[in-house]
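The two complexes that follow have chain A in common; it is paired with chain B in the first and with chain C in the second.
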Partner chain A sequence: MDGGRRSLAFLAPSGMVFVGLFAAPFLFLFVVSFWSVRTFKLTPGFTLDNYAETFEKYGWPLAFTLMIGLSIALVTTVLALLFAYAARFKVGRFGQAMLFVCLLTLFGGYLVKIYAWKTILGTEGILNSALVGLGIIGEPLTVFIYNPGAVVVTLVHFLLPLAVLPIYASLRGVKDITLEAARDLGATPRQTFFGIVLPQCMPGLTAAFTFSFLIAAGDYVTPRYVGGPYTSMIGDFIEGQFSLRFDWPAGAAMAFTTMGCSLAIVAGVRALLTLMRPR
Partner chain B sequence: MTSGATPRPDGQEPLVRLRGVSKRFGQVEAVRPLDLDIYPGDFYALLGPSGCGKTTLLRMIGGFIAPTTGTISIAGADVTRAGPEKRPTNMVFQGYGLFPHMSVRQNVGYGLKIAGTAENEREERVKAIMALVRIDELAERRPDALSGGQQQRVALARALVMRPRVLLLDEPLAALDLKLRKQMQEELRRIHKSIGGTFVFVTHDQGEAMGLANRIAVMEAGACVQEGGPEEIYARPSTRFVSTFIGDANVMPGERRAGTVALRNGLRLASAGADGPVVAVLRPEAVTVTRPGAAHEVQVAGTLADAVFLGAYVRYRVALPDGEEIVAHATGARDDAPKPGEAVVAGWAPAALRILDDR
Partner chain C sequence: MTRAGDILWRGFAALVVLFMLAPLVLVVLFSFTDNALTNFPIERFSLRWYRVLTGNDEFWIALSNSLKIAGSVAVISTVIGTLAALALIRLRERLANAAIVALCFPVMLPALVIGIALLVFYNRVGVPLSVGTVILSHLVITQPFVILIVNARLANFDFAIVDSARDLGASPWRAFWTVTFPVIGSTVIGAALIAMSISLDDFIITFFTIGSGNTLPTFVWGKVRTYLDPSINAIGTILIALTVGSSALALWLSRYRG
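Right after this comes the complex of A and B.
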């Protein structure tokens, strides 16, 4: 076997998984999004009704989802930056330990974390018990859970370790000596942070932000468990189209609309960051 | 402990004045209390082997490390507790520390931008300094697209554009290959001459210190063991360490008793001073090697162990009967030169031998 063929052989298994489980269903659903359903049967054709309906009926959940996704991504990225910055620059050799602890939390599963937050925020939860026990409030409060805030808290908690990794990796590339040089040239800690550290870890920040945003905007499990009746995220509706209504074309159109909007936002944020680069 | 506190004959005030400055890291005394005066216009070398505390000392002058004891003043102001951003110093770091996300021009202009210098003045000064260190062609490049020598120049320009009262250079040439090092040495000399500032640099390379500096502080184990001009240090090393660290030297151990030194190789000479162990140091170029019979003022007999031709000079090794040896450098090849294995005498003028207390 020559080199080219050999590398092909190495790529084949992952390639097959990619094509079989991602590319093919993806294309199929894209085609389906232009079909229609007649008496519970998928009918091929070409119609834009599904997309029109997405904007008409689900415009608000879509906008809300994108907004909450942006907030989650923003909060996650900022917190992850603070954590990674401390681990890299502020705690000396404890940085590795901090990172290890951060990775450790990844072992707790997604659902486990959701239930953990239910236990903390619920009316019978740890937070309410503590507040009642301390005499700060008389009755348990219901404001902690079943609202968008609970979704943000839960998803930020879940995404934080994943966001810390790329940011820490790029901060490791920032040499201490460049910070000393900036200080020597008269920069304040603030100027050094914004002018020297931040631009150098931009790739990590964009990766963390993109990652957090796409996961948060596509999530439908968390809102179902801690979001309450008024936190309607688009993923929830898409899932309903497939599992309850058997309206695949509508579900597909909603999914592709969500994906298109998400990618547009990511591209927009990246373009904005490129424009903001110091000159 | 102290050195260099003598005033200049021209009555100038020192620009940088260190008094009793020391630094302790835990149990390690990196710099022992020392005094140092650096005068305006000096090209000053802190010279010593690795781990002697020279970089710690430089970083204390720059404000990156606070001294454990003592005071540092620059241009008459006490800056002991001031950080680097508050000192009229700028540093060229070992490894340069260029900002990788900025072009050469942005790197050089960064300090002025932080200082709030007006844009047209900033541009002018950046342009002028880039021309001075000859990097104007590289203005739009990023540091990772530069060679080591070019990065070195950018780091130099970035510091010089701030017009520091004192420019600090940490092993400025260590990362460059030999040819570039020679070239950068020339450049540094030229730049120092053309802008006339005060430069302080750290080096472990005695050739670099001799070639660049007009004053040298030789450091050993956290202490400044000798301070002076290069010629003075070379001609009159004050300790055995200095004599061997700066240039080659024959070191002959012996003992002084009642004003007479007896060297282990049999030589005796008059030398005032306290009784105790001494070393006599002798520069190889002060030694002449001939066949027996030639007249020398002081001489020892031995066998020529080898003669190595090194281009500019021949290096002779003369083995003495007591097992010691004497190295001599002779310029110019001679046809009648003694051959290895021959009986020879090594001779020198009495003044060439320096007697140092060996503590």
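Right after this comes the complex of A and C.
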């Protein structure tokens, strides 16, 4: 077998998984978003009603989801930048340990982390019992959980390792010798940071922001566990269309609307960053 | 930078590490207590919640499903992902990069979208939901990681030694097992362990594609929705041990062995 044909044969199984289990279902879901449900049966056709209904009924949850997703992505990215900067330049050998913690917690315990925050922030939870035990507060407080703040804390915690790694990867490309040169030429730490470090880690920052935003905006488990009744995110409603109401076309239209809006926002943020970059 | 500034940075770094680790550490800590609620004060350390768990048949079924799924996903995605990486490294760079971006696309979507797309698809094609459909579904999100990890290792692999083996008469099969695999083997096993932890940890895609059974994460989900049961801390500890343990092993294999 010649090289080209062997390459093709080697790529075939992965390609089949990609096409058969991702591309085809994804495109079919898009098609279904134009179908309708009649007497509990999925009926092929072409209607834009599902999209119209998404904006009419779920416009507010959608806007709220995008806003909270943006806040989470912003907090995560800034915290991850500071963390990666400290690990790369400020803390010496402890930096390796910080990175190790990120890699260890990256693939473990999505549901466990959310559950952990529920037990920490709850009225009878760890934080309240610790504060009462230490005599700092007299009565347990209810302000920690079942609000948007709890969702932000929980998702920032989940996304942080994911955001640190690409930023750290681009900070590794910043040479110590460049920084020393800048300092020798009289640049202040602030000038060095904004003139050298920040521009060089832009690719890592945009990757971190994009991942954090897309995952936060698509999450439904966190708001359901710790968000309370007034933190309804769109993912929660999408899941409901599939597990409770069995209105798949509506759920599909909601999912594609959310993805479209999210991608538009990511594209907007990226364009803004390109414009802001000094020549 | 001044001395005070250094202390400030160290303090910040320590606080963030604490923020990252504390929730997981607390789950492990409370799994070994006698407390009926997950809060302070801790009265007594005990294995009470592990005994509750091991006495529950549903737990054993969920654990065995989880291990079956994660094991199969690790083996299948490692074989097909490594084959793909071996093919991609021989392609022209731009073509290979385009293929990698495409294959990694599923990882950038919310798991919810992949879950509902597969649910609708299996339903339409007429495939009954089972542990098998979960295995197939997990391949979509684990094979990108295997491809990325193995591809990164192959980027500085010298293919001249494989060509030498071939020139000396080794079959492609033999050249792979005697030359290529000994070099990239630890990375491939590391990739398999990462695929395993992703599969073990997945809740959302599993939830939509399993039908009526349970894995450890969907078992936890069912329990949290009804009431806060401290035996969840024990399941959480087992999940953390499995996923963090295999990640640590993967890191050790890929960083310190080649």
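Couple of notes before you dig in:
The working rule: the second predicted complex is superposed on the first by the 277 of 279 C-alpha atoms of A that agree within 3 Å, B and C clash if a C-alpha of one lies under 4 Å from a C-alpha of the other, contacts with A are read in each partner's own complex, and residues count from 1 in each chain.
Just so it is clear, a residue touches a chain if its C-beta (ideal position, glycine included) is under 8 Å from a C-beta of that chain, and two chains touch if they have at least 3 such contacts.
Since this is a predicted model, take the numbers as computed values, not measurements.
Contacts of A:Val17 after superposition: chain C is touched, whereas chain B is not reached. Of the two partners chain B and chain C, it is C that touches the larger number of chain A residues. Of the two partner chains placed by superposition, A:Trp60 touches none, neither chain B nor chain C.
Legend: residue contacts after superposition of the two complexes on their common chain; A:Tyr230 is shown touching neither chain B nor chain C.
Residue contacts after overlaying the shared chain place A:Phe194 against neither chain B nor chain C. With both structures placed on the common chain, the touch criterion links A:Leu160 to chain C but leaves chain B unconnected. By the touch criterion defined above, A:Phe107 lies against chain C but remains apart from chain B after alignment on the C-alpha atoms of chain A.
Once the two complexes are overlaid on the shared chain, A:Phe246 sits clear of chain B and of chain C alike. Within the superposed three-chain model, A:Leu29 lies in touch with chain C and out of touch with chain B [touch as defined at top]. The part of chain C that touches chain A in the complex is made up of residues 1, 6, 9-10, 12-13, 16-17, 19-21, 23-24, 26-27, 30, 37-41, 79-81, 83-84, 86-88, 90-91, 99, 102-103, 105-106, 108-114, 116-121, 124, 136-137, 139-140, 143, 147, 172, 194, 197-198, 201-204, 208, 217, 220-221, 224, 228, 232-233, 236, 239-240, 243-244, 247-248, 251.
The touching residues of chain A, counted against chain C in their complex, run 3, 6-11, 13-15, 17-18, 21-22, 24-26, 28-29, 32, 79, 82-83, 86-87, 90-91, 94, 97-98, 100-113, 115-120, 122, 124-126, 128-130, 133, 157, 160-161, 189, 210-211, 214-215, 217-221, 225, 235, 238-239, 242, 248, 251-252, 255, 259.
By the touch rule above, chain A contacts chain B in their complex via residues 175, 177-178, 180-188, 191, 195-196, 199-200, 202, 277-279.
Those residues of chain B that touch chain A in the shared complex are 62, 64, 83-85, 89-91, 93, 95-102, 106, 110-111, 114-115, 158-159, 162.
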